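The two complexes that follow have chain A in common; it is paired with chain B in the first and with chain C in the second.
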Partner chain A sequence: MSLWVDRFRPKTLDDLHYHHDLSTRLKALAASEDFPHMLFYGPSGAGKKTRINCTLRQLFGTGVEKLKIDQRVFVSPSRRKLEINLVQSSYHIEITPSEAGSYDRVVVQDLLKEIAQTQQVDLGAKHRFKVVVINEADFLSRDAQAALRRTMEKYMSNMRIILCANSTSRLIAPIRSRCLLVRVAAPTAQEIQAVVEHVARKMKFDVPPEASLQIAEDAAGNMRKALLVFEALKMQSPDLSGPLRIAKPDWETYCHKVAELIVQEQSPARVMEVRAKFYELLSHCIPPTVILKTVAEKVAERVDEALKADVMHWAAFYELRMRLGSKKIYHLEAWVVKVMCLYKHFTYNFDMSEFD
Partner chain B sequence: MSRKPSSQSRINTRQSNQKKPQTRLRTVRLDEGGEPPAKKLRPHNLKGKGKQTSPPACPEDDRLWVDKYEPTTEADLVVHKRKVEDVRRWLVEAFEGGPSGKLRKYRRILALTGPAGTAKTTTLRVLSHELGFEIMEWRNGMNERGANKYVEDLEEHDYGSVQPSTEAIFDKFQAFLTRAMSCSSIFSAGEPSTSQPPSSSQVSRSTPTLSSYSSNHATYPGCPQKRQVILLEDLPNLLHAPTQARFKAVLESLCVTSSPSIPGPPIVIIISDAGLRVEHPDDESWDGGSGGRRWGRPDILDIRSVLGPELLASPYVTRIGFNPIAPTLMTKALQALLVKHFGPQVSAAKPPKEVLDVIVETSKGDIRSALMALQFACISPLSGKSKTKNSRNRNGSRSVLAVLEVVTRREQSLVLFHLMGKVLYNKRKHDPPSSHMSAKEAAKERELDDKLVDSSPLPRWLSHHERKVSRVSIEALVADSPIDSGLFGLYTHQNYTQFCADIEQCDGVCDGLSWTDWVDGSLSTPYAFPTLALSTLHALPTPVPRLGQKVCKPAWFDVRTKELQAWDAVGDVASWLAHADTSPSPGDAGDNWGMDDTVSIGRWTHASIAMELGGWLRAMDRSGSSLGRHALPRSHKLALHLSKDEEDDGKWWAEVDDIEDVD
Partner chain C sequence: MAFFQPQAKTVPKHTVDPVLQPWIEKYRPKTIDDVSAQEHTVTVLRKALLSTNLPHMLFYGPPGTGKTSTILALARQLFGPDNFRNRVLELNASDERGISVVREKIKTFARQTPRAQAANSDGKSYPCPPYKIIILDEADSMTQDAQGALRRIMETYARITRFCLVCNYVTRIIEPLASRCSKFRFTPLDPLSTSSRLTHIAAAEHVEVTPEVVTTLIDASNGDLRRSITYLQSASRLSSSADPPTPITPRDIQEIAGVVPTTVVNDLARTLGLDVSSDMIVDAVTPKRRGFDAIQKKVKEVIREGYSVAQLLSQLHDLIIHHQMLPARQKATCALVIAEADKALCDGADEELWLLEVAMQTYKALSR
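Right, the complex of A and B next:
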C-alpha cells in the first residue's frame, strides 16, 4: 500500500502523460552516446523527478529500479559527523545535499569525487558513466556549487550529473552553462484532469468529471498535490459525488490568517500575535520563503491597488535578507512591520484627504 | 632532590584534621621551585597551623588571604546553610547509604556548579574536615612535569635518566580513576602505616605533593576505615570531542559497574560556570533553513557538556548549584576577617566601611575576588600611615576607593535583564524620573545628565532623526554585556514590542534586527552588537511608557527545538514512505494491481512532505478504520500518531509533526 502518487508514477518515457515533445527529446538524448549533464527545473509537482527517473531507465534499463538506501557518514572540516541518506542503484546515485545544511560542500565534494574515480565495473552496463542525481540543487550553498562546478569539468568521462531544481536563478552561471537545461512546465488543468481520471481507471472506479476538474484546478499545476488531494478525498467520501470541499493545507489557511491579522490592525501587540503564528509555522517545517510568499500574496489581494507594488517590493527585499541572514523570524517580522506601517500610513493619508 | 617526573602527584591526598587548617595546594606549588619541597614548606605549614592565634599581619607570612583565612568550619563558610546541608546529606548518603541503606548505590557522582568564587571547593573541604574523609584530587600535570624536567635537565645534565612518560594525559586520568576506585580497599583496610609518629604524619599530610602516594604514609592512624572522595576539578580537555566521549564513558562505567556492595569512593565534580559570552556562536546550528538539519557544537564547558544529557538524567548523578554569595553574607565575612587580621581594636590600616562596600559590590558574589581586593586595599600605601586626622583619613579612603575602582574592577558584567532594561527603557537626557525612583537615584540621573554633552543639531532634512542624548553609553554596554550580539538580538526581538507605542517604532527596531542579521550572516563583525543597540535605541520612543513591561526569555529557543524535532519527524515519515513501498504488506497481496514493486525512495523531499502530505495523512487517519484491510506497514511511531490524532481531531492545527509529540 503506497501513495497513489508513487504507485501510479510513470516509469518509462513512453508512459508519461504530458509534455510529449520533451519525452521524445529525452529519448533521443538517452540513445545518443554523449549524454550531457542536465538540469531539470520547473515548479514543484510538475514531474521533474519522474522525468529524471524515466530518463535513467531509458539510459540503463530496468537495473536502475533496483534501489537500495544507504546511510553514509561524512566528516566535516570541523570533525563533525554528518549522516546523509543515499539512494542508489548500480548505475546511479541520488542525493539531497541540502540535508547536510551548511556542510553540503563536503558531501558534494567527497561523494562526487568518490563516484567519479571509480569506473563502472558492470560489463553489461549500457554506458560507462554513472549518473549522480542531485535533488534540491537550488538549495546548494555557494561553496557547494563552486565545488560542483570543478568536479563537473574534471570527471566528465566517468560521471554525469543531473540536477533538479525549482528555479535556475539560484544556481551560479558556470553550472548553468555546463548543463543542458530542461524546463519541465507545470501541467495544465486538463492534463492533471486526464491523469486523475487515468488513476481512477487504474483503481477501477469512476470519478465524476466535475470532481476531477475541481481537483485539477485546485492543484494549480502541482500534480503531486492533485493526486494527494484526490486520494484524500476518495478516502473521505468514497463515491466522490456532490460538491467537493477541498481543504487547503493547514499551513496555507494559517498563512491566510496571518494576512488577515496584518490588515486588520497595526499595533505592536498585533506584531506579537503575528510572530506567534510565524513561530508556529516555522516549527512545523514550512520553509520561511514559502510563508513569506503566501502571506504576501494574500496581503496584496486585500490592500489597495496603490500599495500592492510596495508590499511585494518589501517581500522581495526581506526575502533576500532572509536568505543571507540566519534568523528567519527577524526578516519575516520586519516585513510584517513594514507592511503594517505602509498600510497604516496609507489609510491615514487617505482619511486626511477626504476630510480636506 | 630529583623527583621522578612520572611519579607526579596524580593523587593528592588531603588529610582531614579537625584542628589544623589545610595548606592550599596551589600555594605550596608556587613555592616549590627546584628546592626540596619539604624544606621550604614546613615553616609555612607551621605558621599556617597557628594562624588563628598568631599575631596579626605576621610579616613573613606572605600568603594570600584567600589561602590564609580559608574557612575550616561550617560557621566560617559564607555559603547558605541549606546548600551546605544538601552537600553534607549527599556525602553522608554516599558513605552510609541514607536511611534505607540503599541510596549508596546511586550516590556516585555529585556535580557542584556555580559561578567562580562561590566556595564550592571550600565547602567540600570543610565538610571533609567535619565528616572525616579524604579528598583525592586529579590534576592535569602537564605543565608541571615540563617544568620539573627542565630543572632536572639543568641540574644534572643527565638526559638519559629522564624518561618523560609518554602516557597520554587522558590515559593517566583513566588510570587515576580506576586506581582511586580500586585502591580504596587498600587505603581503608587497616593499613599498617602506624609506624610513623603522629607528628611526622601531620607534616607529610600537609605536603601532599611530595609524592603521589604520600597517602600511604599519611593515613590517619586513629581511623582505620578511611572514607574517600574523588575530586575532579581540573578536568581533562573536554572541548576535544573524543576526549569528552571517553570521559563520559569512563564516568558511566564507574557508575554502573562498580560492585553494589562496596562501591568505590564517590566522585565530586566541580564546574565553574563560564560566562555566556561568546562572540562567534556557531550560527549554522541555529539557522533554520532550506530543509536541512543543522549540527550544533557546544563550545562552552558547562555541566551539560561535561556530563552529557544521559549521565545528567541518570540516577547516579546529583547536581547541586551554588549561587553567587549574597552581599550581606559577604560583608559579614569580610568584616569578621578584618577583625581576625587586625584584631578587634580600630586600626588605621583597617579599610573603612565604604571600601568594604565597594569591594562587595564589585565582586558580584565572588568571595575569592573580594578577598583579593580586600587584601589589596589593605596593603595599599594610599591608606595613609601618617594621615591620622579624621578628615585626612576620609580623604585617604577616597583615594583607596579611586584606586580600587581602577584596579579591582573585574570585568563587571551587567546582569542580562539589567542590560535589556538599559536598552529597552531608552533613557535619554532630561527624561523625567520615573515614579518609583528614589530621590537618590533621581539625583544620580541628574548628575549624569549634566555630564552628557548635547550633540550638534542635525540639518533640517534629517530632523526626523533628531534625538536627545542617550543616557546609555554604547561603549560601556558593549564592554559589560554578558551576552553576544546573537543572543542580544534574540532578547531584543522577543521584548521590543512591549516597549513600542507605535508601529513605526517597531519598524525601526525590526529593520535594525533584520539588517544586523543580514550583515552578520555574511561577515561576522564586531560591530553587530553596537549597531543593534544603537538602532534599537534610535527607534524606541523616548521616554518609553512604563506599563509594567516584563522582559522575558526568547521563545525562539523553544521554537527551534520544536522545529528540529519536527524535521526529525518528517524524516521518519520519509523513511516510512520509502519502506512502505519496498516491503509490500501481506494484506496487499490479494489486490492484484501488479504495481506494488514501485519504489518511491528518495522521491519525497522533506519540504514536500512537510507542506503537502499533511492533508493526506489526516484523511488517512480519519478513514483509518475503513482502510484496516490494507494494514500499513507503518512504524510504531506512526501507529501512535494515529491514535493520538483521532483524539484531538477537533484541533484544526494538527499536522504530520504531531507524531513527535507522542514520543
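Right, the complex of A and C next:
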C-alpha cells in the first residue's frame, strides 16, 4: 500500500499528462542512436524525476525498473571514508553526490571514471552506453563540476549523464554547454486538476470540481504536494463534499505564527520568543531558506505597502549571508531584528538612524 | 520490404562502432591552420613549427575559443600520430592534480629522455623534435602549492620537456609560472568566423540551416564556438529524430540554449514599469504603476515556469542598458542591482528572493 504519488506515477512517456511536446521530443531522442547528455531543470514537484525515469525506460525497456541499492565506500585524499548510496539497475546508476558534502569531487571522479571505462557487457542491451543520473546537480561543488567537464567529452561512447537540478544558475557554463537543456515547467492549475481527477477515476470515486480546483490552486504548481494533499483530504472526509479546509503543514502554520509575533510587538523579549520558535523549526529539519521565505512573505503581507519592499530586500540580503556563513540562526535573528527596527521606525516615526 | 528493415537494423548494432562522436571532437582542427580566427597566435606558432623549437607556453582566453584544440593540433603536427602517445602527456581537471601528482607523475614524465622516433605508419614525415610536451589543461583549477611545485621542474627539464598551460583566467596562475611562459591570448570569435565554421560543419553533416538560425546560434553563444556547435548538434538531433523531420527554427535554438523567450522578459519589464513598446516611440502615456503585490505575483509566475534566473537577469540587463529613453542615472542604478544579484546567485542564494529583490529595486529606480 504505497502513497498515491508513487502509485500513480507515470511509467512511460505516453502516460505523462502534460508537456506533451516535451514527451514527443524525449521519445524521439530515445529512439535515435545518438542520445546526448541531458540536463533537466525546473521547480520542485514539476515532474523532472518522473520524466527522467520514463526516458530511461524508453531507452532500455523494463529492465531499468529492477533496482538494487548499494553502498559504496570512497576514500578522500585525507584518508577519510565516505559512504555513498547508489541506486542502480544493469543499465543505469543514480547518485546524489551532494551527500558527500565537500568531498563530492572524489565521488564524481572515481565513480564516473570507473563506469566510463567499463563497457556494457550485456549483449541484449539496447544501447552500448550506461546512463548516470546525478541528482541535485546544482549542489555540486565547483571542483566536482570542473571534474565532470572533460569526463563528459572523453567517455561519450560508454556513458551518458543526466543531470537533475532546480536551477541552472549554479552550474558552471562549460557543463551547461555540454548538455541538452530540458526545461520542465511547473504544471498549471488546470493540468493539476486533470491529474487529480485522473487519480480519482483510477481509485473509482468522484471528486467534485470545486474540490479539485481548490487543491490545484493550493499546490501552486507542485504536483507532488497536490497529490499528497488530495490523499490526506480523502482520508479526512471520504465524500470530499462541502467546504474543504486544506490543512497547511504544521511548519507553515508555525511560520505564520512567527510572522504574527513579529508584527504584533517589537521588543527584545519578543525577539527571544521568536528565536525559540526558530530553533524549534530548525530542529525539525525545516531548511532555513524555506523558513525565512515563508515568514518574510507573511510579514510582507501584513505590513504597509511602503515597507514591503524593504522586508523582502532584507530577507534576500540575510538569505545570502546565511549561505555564506555557517550558523543559520544568527542570520534569521538578524533579519527579525532588522524588520522589527524598520517597522517601529515606520509606525512611530522614530528616528532610528543612529542605531543603524 | 517492410519486415526486412527491423532486422537489418538489429544486426549491425554491436558490430558497427556506435561511437557517435560529438561534433566538437569530430571537427576539432587537425592542423593549426584549421584553427578559426586567432590569426596572431597561429602566425607565431607556425613560425615555431618551422624552426621546431617551442618555448613554454601559456594559453588563456574565454571558453570555446580553441585553446585546447590549438595545442593538440600543434602537438600532432610536431610528432605525428605514432609518436604522439609517448611524447605528449595531457592532464586536465578530471585527473587528480594535487601536489603529489606534480611531484610524481609529472616529474617522472618530465625527466624521461624522449624515446627514439618511431617509424611513421602513414608515410609522412614529421619534424619530431627531441623533446616532450606536457599539456596542463584547465590549469587555473590547480592549487597554488601544485603550481609552486612546478616552478623548478619547468626549469630543470626545459631541455627535454616543454610545458603548455591552458587556462581561462590568467590571474589564477601564479606569477613565477606565468613569467616562465610566453603568453598567448585567445580572443572570443568574431561572428564572421563562427558563421563560416558553422556553415562548414552543417554542410558536412548535411544539416540545413538558414541564415537566421546561424545568427541565433551566434547570439546565444557569445563567441563560444564550442557552445554554438553543441547547440547546432542538439538542434539537428531533435529535428532529425522528429517524425517527419522538421527544419531547425531559431526558437528551437533558443530553447536548447535555455534562453528566456523575449515575450516573458518584456512582460516582466512591463510589470516593473519599463516602457517596452516595440516601436520605441515617445509615448505620452506612462506605463501603469503597479504595486508590490503585482510584482510578487509576476515573479512567482516566472519562477514557476522554471527559467534560469541568471539567464533572465542577463537578458533583462541587456533590455535595460540598450533602452533608448531611460536616463543614464536610472540605467546605472539598475545595473548595480543586477550585478549585486548576479554575485548573490553565484554564491548560491535563493533564486526567487533575489529575482524579487531585483524587481523591486528596479521598480523603485524606474519610478523615481
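Structural remarks
Here is the rule we go by: the second predicted complex is superposed on the first by the 348 of 356 C-alpha atoms of A that agree within 3 Å, B and C clash if a C-alpha of one lies under 4 Å from a C-alpha of the other, contacts with A are read in each partner's own complex, and residues count from 1 in each chain.
We take it that a contact is a pair of C-beta atoms (placed from the backbone, for glycine too) under 8 Å apart; a residue touches a chain by one contact, two chains touch by 3 or more.
Small disclaimer: the values here were computed from a predicted structure and weren't measured.
For the composite obtained by superposing both complexes on chain A, the positions of chain B and chain C are free of clash and fit together. In the superposition on chain A, contact of A:28 is made with chain C only, not with chain B.
Look at A:177: by the touch rule set out above, it reaches chain C but stays clear of chain B. Once chain A of one complex is fitted onto chain A of the other, the partner contacts of A:193 are absent, as it touches neither chain B nor chain C. Within the superposed three-chain model, A:315 lies in touch with chain C and out of touch with chain B [touch as defined at top]. Contact comparison for chain A: of chain B and chain C, B touches the greater number of residues.
Contacts of A:101 after superposition: chain B is touched, whereas chain C is not reached. Using the contact criterion defined above for the overlaid structures, shared-chain residue A:214 touches neither chain B nor chain C, since it reaches no partner. In the superposition on chain A, A:324 makes contact with both chain B and chain C. Rounded in steps of 10, the angle chain B-chain A-chain C defined by Cα centres in the superposition reads 100°. Applying the stated contact rule after C-alpha superposition, one finds that A:250 touches chain B and leaves chain C untouched.
Nowhere in the superposition do the C-alpha atoms of chain B and chain C come closer than 10 Å.
Chain A uses residues 324 to touch chain B in one structure and chain C in the other.
The touching residues of chain A, when paired with chain C in their complex, are 24-25, 28-29, 31-34, 36, 41-43, 46, 77, 109, 113, 123, 127-128, 143, 146-151, 153-154, 156-157, 167-170, 173-174, 176-178, 180-181, 183-186, 220-221, 289, 293, 296, 300, 305, 308-309, 312-313, 315-317, 319-320, 323-324. Of all residues in chain A, only 1-3, 5-9, 11, 44-45, 49, 53, 65, 67, 69, 76, 78-80, 82, 85, 87, 94, 96, 98-104, 135-136, 139, 202, 222, 224-225, 228-229, 231-233, 235-236, 247, 249-251, 253-254, 266-269, 271-272, 276, 279-280, 282-288, 290, 318, 321, 324-331, 333-334, 337-338, 340-341, 344 touch chain B in the complex they form. The touching residues of chain B, when paired with chain A in their complex, are 241, 283-284, 286-295, 297, 489-490, 493, 497-498, 500-507, 510-511, 513-515, 517-518, 520-522, 555-556, 559, 562-563, 566-567, 570, 575, 577-578, 580-581, 584-585, 587-588, 593, 595-603, 605-608, 610-616, 618-620, 622-623, 626-627, 630, 632-633, 652-657.
Chain C contributes residues 14, 18-22, 24-25, 63-64, 92-94, 96, 98, 137-138, 141, 221, 224, 226-227, 230, 233-234, 237-238, 240-243, 255-258, 291-292, 296, 300, 303-311, 344-354, 356-357, 360-361, 363-364 to its touches with chain A in the complex.
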